[in-house]
């Protein structure tokens, strides 16, 4: 008997785990509490209503029940099904509100990071002036407060594993806070429609252990691909679009030293390049990487006053286009890429160019 | 005043002939059918966009569309068409126009000319908005959120203009219906004898009249924002983009009730008719209808819990939103109680009514999730929301519309459709619908955001199921359409009152004569007094 | 809603046949107009909210506007008087038609039309001055005399509000002229004056809006 | 919306507004107009607004009751018309329920925010006083301009770059003296570069030296020598003219001036 109970309980556990992201903060656990309460409350009502409906269909089909009963109502019943739901609803409201209060009021000593959303990448500015794109590095077990604003249109910063989300509004500051308990990578989405590459505007929260955090502050490079993948989808290393490698395939490279090109592949994701540049030849906001290397392209040469000139896409061109994108813009594309000068180091530029080369 | 003589040649269809006699008609019945025709055409269009969107999401990466831009345009048109051109006018303008004066025992609506004007205004706005399909497609999403809608280089202005114009049609219809219900009720048709469908249309009209003007000014301001940059919504000029959301949702939340109240009205008429019982708690349902209509105006902020709206506002709006669920619950329970100890006829309209109850219950309950502010923070703008409002809009409004369409079809054209085929269609639609949208709840909780042209591979399985479901849904609609078309051509004759219903529209020949009634009807009792002989009438009884 | 009545062309028949009698039709049309005015109020409410928001966000904005005499209150006051007078003439036109005094009806309608014209002329002078000085809405604003960031927003509200109100005046003039034509044909009298009455309601509403616009835009700093 | 069905035939008689009454109302309205104008002459602070609204409402009521005849009309129409104002009030109250209570959630945070400008400025400057022009800076600016600005502002800075076609408002014409939204002082141009303007994105991600360099180059394109900065102007953009080094000294807390701007901007 208890065995059966345990078995059922295990199944429910499994069902829960499969249909909700990992709770990587205490807040997330509280959130799950009210969420499952609502789920089971709804189940009770749903089963009740639909059950009654089916029961009536069986019992009062005209074949079974020729003579309907002439009833107009029943005040008692009507009062009951008005009052009871009302009470339940306000229980839900009160509980929900108490959770919401922790959501908005983080501890005063939170470490603050500034988040800037722009079409279509996330930029993170730390107190010490460091800037990263696409990866938000935070220490585990320490309250972090994100103060967010947008450079162009509405965006929204959403971390499912932390159950936090807020719009990022131009001309206004919004904020979320969290205290990550699970080191590793946590997926971030933009959830406010922001144009062409909305679905490409992804990012990662990289939660570091205390000593990793020290290293990172000291400027040491952290190889994010060595860190555990998003615990909600352990089977996947896909933190970016186009990186749909199940663990099996990924392990090969994730394990040993990455080739320069592979580093580049990781970089164009983590730096947000793939929001605008595809690797499969499809035309997004910017030219696709596929087969562009070594090609002759017509470009607007702004250093020469916006004349159209033909250049060979080589290492130098690519380097310039990464550091000063608007210098030479391939014809037919908007000059909308932000300058990455100072945001990527020599090694990273090399890796990215290597990757673009590899896409024949 | 039971079924009056059916031996009467002249009816509104053969009363006058020629295209002109339709295009310039002042007959509310013909105007209703003209609405129905256009709306169905738009529904087909929006449906095709929906199928394409689902196809694109069949797998990660780009499948059907060449670039995310085209996908964004597709879901924008799907949303805009379905909301502004289909679901809002669906029941009030199409079925309402036909049924309302007849249920009132009136010869026509109060202002027949304005009724026709309203139709052409709708058509005009619709054409302007649709024209952008051929000029420069729009990619703002149907919500036109500033500042993206200000910046994007597409012909958004035209679509805004179109929606602006269609708003006037909505206002005129509502105004017309309100006055008609106030002034043109048949002798003896007191307020407590008004069919619940009319109560619903009445509440809807009031919402239309009060909310739509605010949409008009909002869109107008946005148009000016785009053309001359007035800066009220544009942060670059010192405006506030969140203010736009307040303006927009002050209309667009009540709009949700413009869509769903008439649906509830249809259900409230269908269930007693096919249970052969008086509706359970007539006054409660009528009151609930108005309760919902009023609360509709004070809950819009629940669309903005993460928009940067203040904590205090979130508190107020979350609190008030809870109130919506109470009257909604009252209605659902009353419908159930109406079936209790009834003698249920399983005709197609009733089948849809069951489908409505099943689906709408899920839609309503998931609504509570989104009303609880903290739960909403995680779920909003994910597929959970998409699933929720499709369960309410498609599952609720559309199924109720199909119930109404099959219920009044014999009245429209005096012919009866093939019962078997229509049931097959109904089942396909209901199964397809749930297969399409239930997985999206889970997708949403797992964190898949809406309006994504491409998604991470871990979401693939559920998206596959959803896409496959959408095909069943599509086939279902095709079957239903084909079945009704066939009935129009060669359906067998339906009597004046095939369902044995008691409301006035059934007490006159089908199709009805030019001025609805052969002699002015007089009402002596409520619309659902099924007792004695009347309780035993009805289809194949 | 004048067209709502079936009586446009037939003098012999004083109500469309789906109404029980002329009185019921009159009541219906009047109520229709009242409901229409409800929609008008909510239409303007959007702009009033926008105005209030700016007032609250940028209190110094209003101060700048008045300190630098961006708007001339005398013009506003003049137009207020003009509109109030037109409202009075309109009221007289209605009562005259109800009494069947055709000459007065036509006369007062003409007076109303004339005053509406005066209102527009004054507005024209105000607008042309602003356009000349580049005191324009939002991004268009380029007035050298006053370059605080928020005044352009006020000009947006000013132009949108007065612009839409002006549009209502123009439409009103059209309808009034149409009424004059019909009144000349002696179509109105104690038994049928629906169009005059409901046009009157519309016209008074236009006045009503201005009664609020004047102090909000021109007076309170 | 109660049931007036029965009354339709009862009150066939319409009330006709007596001319004397019309004249009285007309007079009252004129008097009230005079009163509002007269009161507006005095500065009663917030009272001005209250009085103006009160008088306006009295006038409105008179118009509704007599000119529009609500006094003699069905109560039904009064109810209908007043719903409009009820819902307008709901609209206002709930909207302001958000707007007025927003500040206390966010302002607290904002004082701590490092604006883009200050962040970049924190990287030590290799110029003595970058906000003071120098041939060196202008030369550096020229390069940057070619890379960053030409697309929109055109090679000559006349606002006629290739991308200008698609932009409204058009990019600033640097060769002309007119139309500079934020003025032509170095600090003003620096501010525009840092914050962005209309279609122009923020270039705050550039080091402050580069931004100053651009400022000085741009100023060579037209007759802008006249416009110079006061110390306060410089403070506004986070520069401490007395202390050496690229703008804000070493550690990056936000100058109060910027904080104020930030707060008012965020509204």
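Letters are used for the chains, namely A, B, C and D, taken in the order the chains are written, and counting of residues starts over at 1 for each.
The rule is simple: a residue touches a chain if its C-beta (ideal position, glycine included) is under 8 Å from a C-beta of that chain, and two chains touch if they have at least 3 such contacts.
Just so it is clear, the model here is predicted, and its values are computed rather than measured.
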| item | value |
| --- | --- |
| Chain nearest the overall C-alpha centroid of the shown protein atoms | B |
| Dominant interface by contact count, named by its two chains | A-B |
| Centre distance in Å when chain B and chain C are each reduced to the mean of their C-alpha atoms | 35 |
| For chain B paired with chain D, centre-to-centre distance based on mean C-alpha positions, whole Å | 40 |
| Chain centre separation (chain C, chain D; CA means) in Å | 29 |
| Centre-to-centre distance between chain D and chain A (centres being mean Cα positions), rounded to whole Å | 33 |
| Chain C residues counted as touching two or more neighbouring chains | 24, 27, 31, 35, 38-39, 41-42, 45, 49, 53, 57-58, 139 |
| Touching two or more other chains - residue numbers and ranges from chain A | 104, 152, 171-172, 174 |
| Sites on chain D at which at least two other chains make contact | 8, 76, 83-84, 87, 91, 95, 99-100, 105, 169, 196, 198, 267 |
| Chain-chain contacts as defined at top | A-B, A-D, B-C, B-D, C-D |
| Interfacial residue positions of chain D with respect to chain A in the complex | 105-106, 109-110, 112-114, 116, 119, 122-123, 146-148, 150-152, 154-156, 161-163, 196, 201-202, 205-207, 252, 262, 265-267 |
| Residue numbers on chain C that touch chain B, as the complex places them | 1, 3-4, 16-19, 24, 27-29, 31-32, 35-36, 38-47, 49-50, 53-54, 57-58, 136-140, 149-150, 152-153, 156-157, 159-160, 164 |
| Partner chain C, residues of chain B touching it in the complex | 106-108, 110-114, 171, 175-176, 178-179, 182-184, 209-214, 216-218, 220-221, 224, 228-232, 234, 237-240, 243, 247, 515 |
| Touching residues (chain side chain A, partner chain D) in the complex | 104, 112, 114, 116, 118, 125, 127, 129, 131, 145, 147, 149, 151-152, 171-175, 300, 302-303, 305-306, 324, 326-327, 329, 334-335, 338-339, 342-343 |
| For the chain D and chain C complex, residues of the former touching the latter | 8-9, 12, 14, 16-19, 22-23, 25-26, 29-30, 33, 36-37, 40, 43, 48-49, 52-53, 55-56, 59-60, 63-64, 66-68, 73-74, 76-77, 80-81, 83-85, 87-88, 91-92, 95-96, 99-100, 169, 179, 183, 198, 267 |
